[in-house]
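Each structure below is given as structure tokens.
In the two assemblies presented below, chain A is common to both, partnered first by chain B and then by chain C.
Moving on, here comes the complex of A and B:
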């Protein structure tokens, strides 16, 4: 009894501003609908680098280490919401955290505050996997974050086919390829990896987990270490003091390469911002028709239009570089906007091969990113 | 065993009477119908001991001439029909001349009219002399079935027999709103209609004011008059459907079907409307002399009647309103126990109806989304109050209407799949896919045969998530193959709408909520989803005002 109480004593000092930021990021892993009360808590542990904060919903886990002076080692779990909200209000003066191991009461002393939060023993917290073993590779952080942003939104949000709610992460020939599709559109992004050697792997990572990656790794320097667990059921992204863990989705990802168009009869080149703004405006008139906008490419111009009987109609013409044959084609505006929002280039290239074949959207003259959209079949007038 | 002989008159009469008089409710029916035939404006029915002890019916109709009183109780004696030709154009409810004779054969009957009175028992006239000078006919039937113990034994519980009597009087009160009906059971008022000719108030007397306020009136249509319930008010049985021809309650599976078909897509499976439908038709075109109890009739042109019923009901349903949340009104039953039975009940039935009549929604004021609660309800503020919306049902309705519009216009809008999916299906479903290829393609679904037992899905309706394609196709084809041919395509559209719609449990952001709500406002028949479940519930401001006692 006594021995344990002493073992779970803890005393550390850190800065509230740093702790608050970390708590907010870590809290992202907490599900609002959890059935396990302990999962509403954040695990707080002392480590050699400082104070480690961990939260999980059993599908994803987020861990951050904040610099702290450790006077006495120990660990506990504190209610995430209360701790985060409280720390965020503190003045940026030294905050001393001290745990009474016997009562699991976490004392927070900072400036004029003397606060106690009731905690639950760290032993109750699910142990979660650790990235100690497995295959490793490294990629530049900013490129990985961009690649995730460019693909993750194309994944399905519908649970009917779980594999499609994930992003396919492929490691092959020293490259990392991310691909996502919901069955109507497809996004593929390639980036070089280091240290992969002859490693080959094909994993499906939940898009929901990847959506947190940018936030978790924000502010960390340089490179991300990706670790794939030996059992091929977990993936770890680690950079500096931050870490994102995710379970992998089991199943076979559809072979997407066959749907990437290999030829085109029309090529259009337009400024990205202008196209985005035009699609957004015209699509307000695409209501009863499932967001469908019509695209017409003629020599030197692209015309977008949409109609809803009860609402009205809208048409906009923009000048564009058009090569090849004229075309009329229709798309779900949302799919187009999703791609334009992440393409990150001043100009965008659209390739068509007739009104019923998939259209391709990509940065002009580059191969690392491509976005395929299946057109909508409508009666053209 | 003795040889063949003619039955004694008494026995023969009892057998014949059995066809007409089965239970106390039959007595009530015959006597009330006689009163209606005599143009009564007020009919009072008093029942004691579930009709076994006594049934008294008095009216203010034409009455029976004193001299003819004994004749009225003779078999085949009537004033309603005289020649064979009359039988082809019967306008009265009765015409066989059997009712009074049949009742007299199985009970003790005292009948007073026109200053005379006659007393009969088991068909024998015991007394005939002068009686009180009252308007119309006063007839009292006691000791029913005393001489037919077998029949007595087969009577159901008191509650059941009383319910049957109530049903008879209720139906006639609904069908004859200009007649004041007053039914008491053991001294307590059971049905009391005002007789002012207003069908809705008659409905309030029978169904209660809450239901009456929700009834839609059929107006200005040939052949059919009456009331039908809004889809949001329904019952678990068909007992609340009253059908009649020229004021005569009838049973007709065909016409019930015609009625219920109009509610398709508005009522859930197993729910039935409340309705009063009177078909006013040239008596020459209908044969009521089919069945001794006259409950079945034959129409010379049933299809016309069928179509007229559907036209009338559909027209009335055009004015359906959304579902309202109402705190339970004080139960009429409690009021009955307060002592002032009849007055309290009458006041409640006539006044309350008007209070509850609902103002139609002002069009064009959009709902303001406030958020999502529970797994899948949207909360919004509208001009009339707080609106709760079942996001799946609402989206299903919007998509269903959209799909049907595309079907009508033959302009499908399909979203081809990046990766066509193959599904294995039974031969029956393969056939359904082939038979309805054109309709499916107008709905946005494109399928091609891919081997003898499998299909390849090339495209789905533009709104459907690709990941649901296989399940949706499976269920759409099942709907096609299992439904009757005239409704198969609509069922298929409903299946597609269901699989394309947001799920109950999906998280919607505010802009998605706003869009769903405004699409719902624009949609026709938005009160229910295509399966008949309600899409929204309105809690009116006045309901909140009442609840929070802000009204004084």
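Moving on, here comes the complex of A and C:
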């Protein structure tokens, strides 16, 4: 038996700057509190493309492949925090990683450093689902990232209602629709998909997972491949050398289309930037918990106001195109700001249908995005 | 008739007299007039509360029970009864709410609260003294307990005032007389002035509050840090802190230790249901709602595991809270360890918002 051949496994060379970036992204999948210690580690494997890094908390998984020169194939799992912190401090010169298979000691040689990190066998790492089978479709990367940004913030953080902590992802008639709601506001964004064919699917993806998507896919080219597992319990987002996997949330998503207002008695059109700045300023005087800002639309003007007894009050009037009847309505300022921050248009249209009915916020004349907010019932003066 | 003086704020400090033992003496006539102490059963127990009869023997709170027995061999020791104390406290708080709004009642402990009753006295139709008397009277007739009330223009002075004439006292410190009232008292009466600081001040020759009030500020700061300046402002009777009842109790919790370690999920959920009922009862009686629900588990090796579920809007619904508690249990109990103790707690407590955020789905 050749003891030496068994003792050394895996030898690769890569650049610390590239590895460090990838480690930081992959580490996002690691939970701060895990009951399974191996999940504090990152799986490191040699592949044909280079070095693959994988981390998971069993809910989401992130995998990135970094270019590396592979001299000897192999795999192990290294403590994420230590490895990430250490590699981030290295000078950007060739880094040689070599694993002693018998002791699972990972040697890192770079410039003046000679370091060894104790690792755990790759076999200990829970096998992640692989996107080999299942339904596939493709969407433009930048549009998907924007769509996630425009919806994900409306999802609930209230774990007593798990389905609302997810974003509903619907595939229908060649379109992809993302919808999220916490019961107080609702965001819906449509985008065209390719290769979906006559596929129909309705999945609830944890908002926490989607929140990582932009970071994981950053720097990858063009398009994202979305793969839905056959068992309909996993979703994969894949672009270039990066991959995000998430388990899906079980349950029935509320029928959101029925709460989208179909009529309105007041339509207001204002510049997005001016409205954003005004809401932000006035809402400093919105009482801390309900965060209430009052909106009054009259002919040619919108007045925003907020009061907190111990703090003071603020009022601002801005000129606006107002059609229909006058209205006074109150909202949680945060919900308004969340939408204004992601709408990405110069102008925004607000539609109201009375002080106790949902308000609608959308880019004027466009159908791809809408945002519904339930008002706050206040004693109007 | 002289015009009543103008009170910029009317703050009451209401302190129930020898609360724990008074509750027992009220409910058990055999204990009346006797030295009574509340303490646990264990030999290592300490006195939680002592009746005035027991205090005459030198018995006091936090004293080891064997010491108390040595001072007063005829001491009647009774077991604590949390539910009964909470019940009495709840009734007293109901009385408070007749005199001011809930967010202006700040409970410090079961037997102690600040009330801001400025709105009552502002228009001269009633006085601080009248309000204090009526609160004392209603507590006495409806809950059969006595209370001492301090009335002043600040929390600080009201609290010091009630401390000067217990039990069954009523001490009024009219506006403008705060510093004079405090001056002759020993510095130890100032809340937040602990034994160490007291010792240091004594060494500097400062014994009475008036001396602290008049001391050179710079030297005080040198000796005690910035806290010295704060204490001096208190000594001068200056305290602007508001009565804040909007953050009521910090948490409400209940727990149970199993006779034997339990790993059966069904059994844990039954216990969870029972504990949830208990904490939600208290939530309702306090008239508040909770944002965060947590579950605490103690494993056989005494390791504590705790997980919480937070909601975006506060709730007082028992089913919602139970569901949240169950999902917190799921998060904390993934490995099916046996469990020695299980507890449920509610935090992020707040009074219901007068403004109501409407919802999209019912």
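Criterion: the second predicted complex is superposed on the first by the 372 of 381 C-alpha atoms of A that agree within 3 Å, B and C clash if a C-alpha of one lies under 4 Å from a C-alpha of the other, contacts with A are read in each partner's own complex, and residues count from 1 in each chain.
Just so it is clear, contacts are C-beta pairs under 8 Å (C-beta built on N, C-alpha and C of every residue); 3 or more make two chains touch, one makes a residue touch a chain.
It should be emphasised that the depicted structure is a prediction, and the values quoted were computed from it without experimental measurement.
Both complexes share chain A, so when I overlay them there, do chain B and chain C fit or clash?
Verdict on chain A: clash between chain B and chain C.
In the superposed arrangement, which partner chain does A:292 touch: chain B (first), chain C (second), both, or neither?
After superposing on A, A:292 lies in contact with both chain B and chain C.
Which holds for A:173: it touches chain B only (first), chain C only (second), both, or neither?
So A:173 meets neither chain B nor chain C here.
For A:273, is the partner it touches chain B (first), chain C (second), both, or none of the two (neither)?
Neither partner.
With both complexes superposed on chain A, which partner does A:372 reach: first (chain B), second (chain C), both or neither?
After superposing on A, A:372 lies in contact with both chain B and chain C.
With the two structures laid over each other on chain A, which partner does A:254 touch: chain B (first), chain C (second), both, or neither?
A:254: touches chain B and chain C.
Going by the contact rule set out at the top, does A:35 touch chain B (first), chain C (second), both, or neither?
Once the two structures are laid over each other on A, A:35 reaches chain C alone.
Output check: A:332 vs chain B and chain C. Expected answer is one of first, second, both, neither. What do you get?
Both partners.
Of the partners chain B and chain C, which touch A:231 in the superposed model: first, second, both, neither?
Neither partner.
Of the stretches 20-28, 200-208 or 254-262, which one of chain C hits chain B?
Of the stretches 20-28, 200-208 or 254-262 of chain C, only 20-28 runs into chain B after superposition.
Kindly list the residues of chain A that each of chain B and chain C touches, one partner per complex.
156-158, 160, 181-186, 254, 256, 259, 287, 289-290, 292, 310, 332, 356, 358, 372, 374-379
Using the touch definition up top, name the residues of chain B that touch chain A in the complex.
Checking each residue of chain B against chain A gives 402, 411-419, 459, 461-463, 465-469, 471, 506, 515, 519, 522.
Can you name the residues of chain C that touch chain A in the complex?
Contacts found on chain C: 242, 293, 309-313, 320, 323-324, 327, 334-335, 350, 353-361.
Show me the residue ranges of chain A that touch chain C in the complex, using the header's touch definition.
The touching residues are 35, 156-160, 162, 181-186, 254, 256, 259, 287, 289-290, 292, 310, 330, 332, 356, 358, 372, 374-379.
Inside the complex, what are the residues of chain A that reach chain B?
Interface residues on chain A, with respect to chain B: 156-158, 160-161, 164, 181-186, 254, 256, 258-259, 287-292, 310, 332, 356, 358, 372, 374-379.
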